[in-house]
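For reference, chains read A, B and C in written order, and residue numbers begin at 1 within each chain.
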Amino acid sequence: MSNKEVRIGVFVCHCGTNIGGVIDCPALTEYARTLPHVVFAQDNLYTCSEAGLAQIKKGIEEYNLNRVIVASCSPRTHEPLFRATCQEAGVNPYYFHFVNIRDQCSWVHMNEPEKATEKAKDLIRMGVARAFYLQALEKNQVDIDPRALVIGGGIAGMTVALNLANRGFPVKLIERKDRLGGLLNDLNKVFPTLDDATKLLEIKDQVLEHKNITVFTSTMIKDVEGYVGNYNITITKGDEEEQFKVGAIIIATGAEVLEPEGLFGYDGKKVITQLQLEKILKEKTLDAKNVVMIQCTGARTDERPYCSGICCMVALKNAQLIKELNPDAQITILYRDILTPGTEYEKFYRDTRAKGILFLKYSPDRPPYVEEDHVRVLNQFIQKEVQIPADLVVLSTPLVAYEDSKNLAQLLKVPREANGFFLEAHVKLRPVDFATDGVFICGCAHWPKDINDTISQALGAASRASTILAHRTLEVEGAVARVNEELCVGCGICMKLCPYDAIARTEDGLAHVREVVCKGCGLCGASCPEQAITILHFTNDQILAQIKVLMEGE
Amino acid sequence: MEFKPKILGFLCNWCSYAGADLAGVSRIQYPPSLRVIRVMCSGRVEPIFVIRALENGLDGVIVMGCHLGDCHYIDGNYEAVNKFKMLQKLLNPIGLGDRIRLEWVSASEGVRFGQVITEFTEHIKSLGPSPLREKEANQQLLEELEAIARVVEDFRLRALVARKRKITEEGNVYEKIIPEENYEELLEDAMNAEVIRSKIYLNLQIGPLSVKELSKRLNLDSASVLKHIVTLRQQGKVALDRIEGLTPYYIAIKV
Amino acid sequence: MEYDGKEILVIGGGIAGIQASLDLAEMGFKVHLIEKDPCIGGRMAQLDKTFPTNDCAICILAPKLADCARHPNIKIHTLSEVIKLEGEVGNFNVTILKHARYVKEDACINCGECTAKCPTKVPDVFNTGLQFRKAIYLYYLQGVPSVMAIDKDHCIYLTRGKCQICMKTCPRDAIDFNMQDEEFNLNVGAIIVATGFDPYDPTPLTRLGYGRIRNVVTSLEFERLICASGPTKGHLERPSDKQAPKRIAFLQCIGSRDINNNPFCSSVCCMYTTKEAMLAHEHDPQVESYIFYIDLRAAGKGFQEYIKRGSKEYNITYIKSVVAEIEEDEDGNPIILYEDMGTGELKMMTVDLVVLATSLLPRKEVNKLAKVLGTELDEFNFIKTTPFAPLNTTKPGILACGCARGPMDIPNSVAEASGAAAKAAEILRRW
């Protein structure tokens, strides 16, 4: 602890009315001024705006602040911004503390403004107590391997691989089947152009022949070790294993079409999926005259609440193709909502109707019944049940996440959402990143999407991955664990516990943390029997100080 | 006066803190009883933090992390489980065991976060304010808590809990895997012993006492007390102060 | 880090342009970001909250604006437009026209003294004309760069030679009426078009009464009304009598899915309308919302759950319908005449406020831009891109992303922007 006087500045954000509409921000600011070591306190309308950041810098300069507290939204979105602002003003970024008075206060206690303000006061008091014990930390540099690993050889994976390879990054492309192409291999024609799916597979040759891409088919990932810029990958092909290093990993494993066992009498012969219809159309073995398609089979239900986005266009496309093969065919599409967004798809819908394909809306609480040679359904407009002749029933089923995406998620330490699709860092502003640095997501492994969106997103993932791969070195967090060798007795418990293998034994038998590998989880420090390990930026002093002042408001 | 429960929450950055933020974004309303300390992993939370919180009069303490198997640091939350179990065993005999809670809330469970806090707040309300809000009236309880604090900061129990997964899954130094129930027995014995020793030490810190006096204070038979004194002397924590007649008086050694 | 010295031009400073610029800057490329308005931020800055998480639009945008402004590899040119293009992929010579701001960017501290004194009031475009701004103004509160600009079409001095109060008031001597529009050239290797959208103006749909009935507003006007930094500080007041509306009708597919007025589907309106209804309910739990729709289009991640939450927790009723016309009663309450497609009946509903979910159209300046760039437009004037190479325009070296090429939501705009950055980098072939 240095002898230099601690001078804390507190900035309370109104966030428009998000905070200010519930919490008494001026009172909060006034309260902050009364706390120990606080030499300056101010409230702002939007602290994260240019003007707000300028105010922080001004406060630092004018009041010689060496600790900065911002009470506003969430550190998960805005800590890097305020840290950078501190740094620009000459204050070590680790002297910054964030108090969450919006996402965890004003937004969740909207009807209890006084209690919310009381809570905010407590939180600021805790923050000030912690700030006293904050230390200046420096960030480490780590070398980056410029190679990329792409998992999945479908249109998404191939697009990522080609973009990176064309830009000079070496790419390892892993595909678990025996050939590239993914779902495209099973498709007949693609919407909205009605090109052959094989046309899109032409890039396969570019991928296979590219000097910067190594393709491994019939290959699975066995193990992933390391961290951003420095991954050690182990792959298996049959009995053989191979290892290599990469700097970034892109998941492009796609999704599969749901086989609707038990729904609408699905039997794979007279009641089939759209995917099975693709095969029939490709092989030109269709002999049905009356076709009924049922949309939203196994989707938009309680069990599977999402909409798979592409099934309406798939049905429209196949309906048009059937009509083209057999102009006398009667095709009826039973739907809940027709999803044809955008400029091209809406036109495709109109064209489909113009070609004489019939559409009938059904309600999920009166679903159609598939019987021997017809389908029964309630026509809501006339409030009568109708029977539609059907030689073939085609069920439009959603894309679902692969069961074993769970394994990949665990290997890569990335999360999945409730339906099994991978969960990105932020739904809006970081759609292809993961919270874990170095791993990226695109295509149907992220969420069902059509080919154009898959290609765009794959390029997006390539872009994001290259913001890492393009650098020789990368800065790593300063908040790591550090062993006090005077207290360490060499029991080895920390070495065993560390999930990243970041702690090694020195020649003297003592523990030593490899800071570039350390992720700062704090497990070692929390468990060390001699309390010999300090978890920087989350020290016991800082935590206990917050606990100590908590009840002071009472 | 209306009882406004105050609960300390340790939220892990990746799951439960994100879940709490999501509750905010979704405008899920829940009681304003919670005060959050953000940690990177639920496994970072040391029992001493919880003890100090209770000591200071917090009505409840909740540790929240990722669901088992989903920990951002792979398995940090398993350590949280083991530490929590030990802590609860220590606190149950003094009636504070159900003022602490361990819950898993993921980053996408905003609704669940709100529900957990609401339910825990209701639970704490039903227990009433923490007795430690009135320290003077609850000196005995405070002493018990202080004894437990010493225990959780001491080598033996920290090592035992940290080694649990290794001992029960891979084997001890003799490469023998200890079944979980045997481990729990081992831990229980160690806990009881250490708590008593801690209390002895704390009593001897105030002034020298004889075995008989200690036995009376701790409501424990003299033979057991003596055994513990012997161990404490071996550990260098307790020394002989003087002998009066045939009765030895012992005193704590300041560390 | 090596790159061959080629720079990249990004046209449009909305979320797509910003994302593309940040990615490219992080890869080590130098980026010129051109924005026609006085500040970057685009349409997202005008939104209150964004679906499906309903987080504050400005709150997640502001850090990116700050990153853009701070990044050493990004140069932002506001009040600028592209007026000439020569050359080809890898070697474009672009001429930029930078309109005079009449305020020195490095001197203005945004103190607001000039604005307070300026005597001229102009309808505020950022707030969809719902309030006035001055002739010297900050485009919006959180705008970057956060410096003033003078509107030369309305400034008394610049149009008639009188006044200059702002210059006399400015404590920093930041106002310079001698500034001129300037042209300068850039040599870039690739260009990304990210010009975003303009909302459809529903005035031609006379049967819906926009412009005639005061309490019929557009969705963007609604956003500004409900936004904390908008003209009513977030209090939802209806235009005629400033009363808080309790019954709100939202009409979908205005200027879209309409053979006579844009046949395409605007993709995002079902979701943004649900969002607006949710926000109205949050502000006032007594609000009932009725959404008149044709098909509910909600395919994105979490979108179906969002719609469900809307109807369960936010008192939203979805009515599949076709709206014939809107009239008003003597109290200014709109009356909606519609066919309920669930039952086939003709019905009437009186509400307090009608919000028209207007479609997303290409910016009106895009025709001129496309001519300058030599890129084709589709039949709706969106930048035409090639099938299955969705970010490539018809001219090699020029890419497009976001709403410039078709109506889409923020996650798709951001992913496409990153994608365009990857393509641009590929074109420049170095890293």
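Here is the rule we go by: a contact is a pair of C-beta atoms (placed from the backbone, for glycine too) under 8 Å apart; a residue touches a chain by one contact, two chains touch by 3 or more.
What you see is a predicted model, and the numbers here were worked out from it, not measured in a lab.
Taken chain by chain, the contacts link every pair, so each chain touches all the others. Simply put, of B-C and A-C, more C-beta pairs touch at A-C. Our note on geometry: chain A versus chain B, Cα centroid distance of 36 Å, whole angstroms.
Mean C-alpha positions place chain B and chain C at a centre distance of 55 Å. Centre-to-centre separation of chain A and chain C, using mean CA positions: 26 Å. In chain C, the residues that reach two or more other chains under the touch definition are 53, 55.
The residues of chain B that reach two or more other chains are 25, 27, listed in rising order. Along chain A, residues 417 each make contact with two or more other chains. The part of chain B that touches chain A in the complex is made up of residues 4, 6, 8, 13-14, 17-18, 20-21, 23-25, 27-30, 32, 34-41, 43-46, 48-49, 52-53, 56-58, 69-70, 72-76, 79, 83, 106-108, 114, 133, 153, 155-156, 158-159, 161-163, 166.
Of all the residues in chain A, the ones that touch chain B in their complex are 74-76, 100, 102-105, 107-112, 115-116, 118-119, 122-123, 126, 410, 413, 415, 417-418, 423, 435-436, 479, 491, 493, 496-497, 499-500, 519-523, 525-531, 535, 538, 540, 543-544, 546-548, 550-551, 554.
Those residues of chain C that touch chain B in the complex are listed here as 53-55, 282. Contacts from chain B toward chain C in the complex involve residues 22, 25-27.
By the touch criterion stated above, chain A contacts chain C in their complex at residues 15-18, 21, 45-46, 48-51, 53-54, 73, 77-78, 80-81, 84, 88, 163, 166-169, 190, 192-193, 195, 200, 300, 305-309, 337-347, 350, 361, 380-383, 417, 421, 426-432, 446-448, 451-453, 455-464, 466-467, 469-472.
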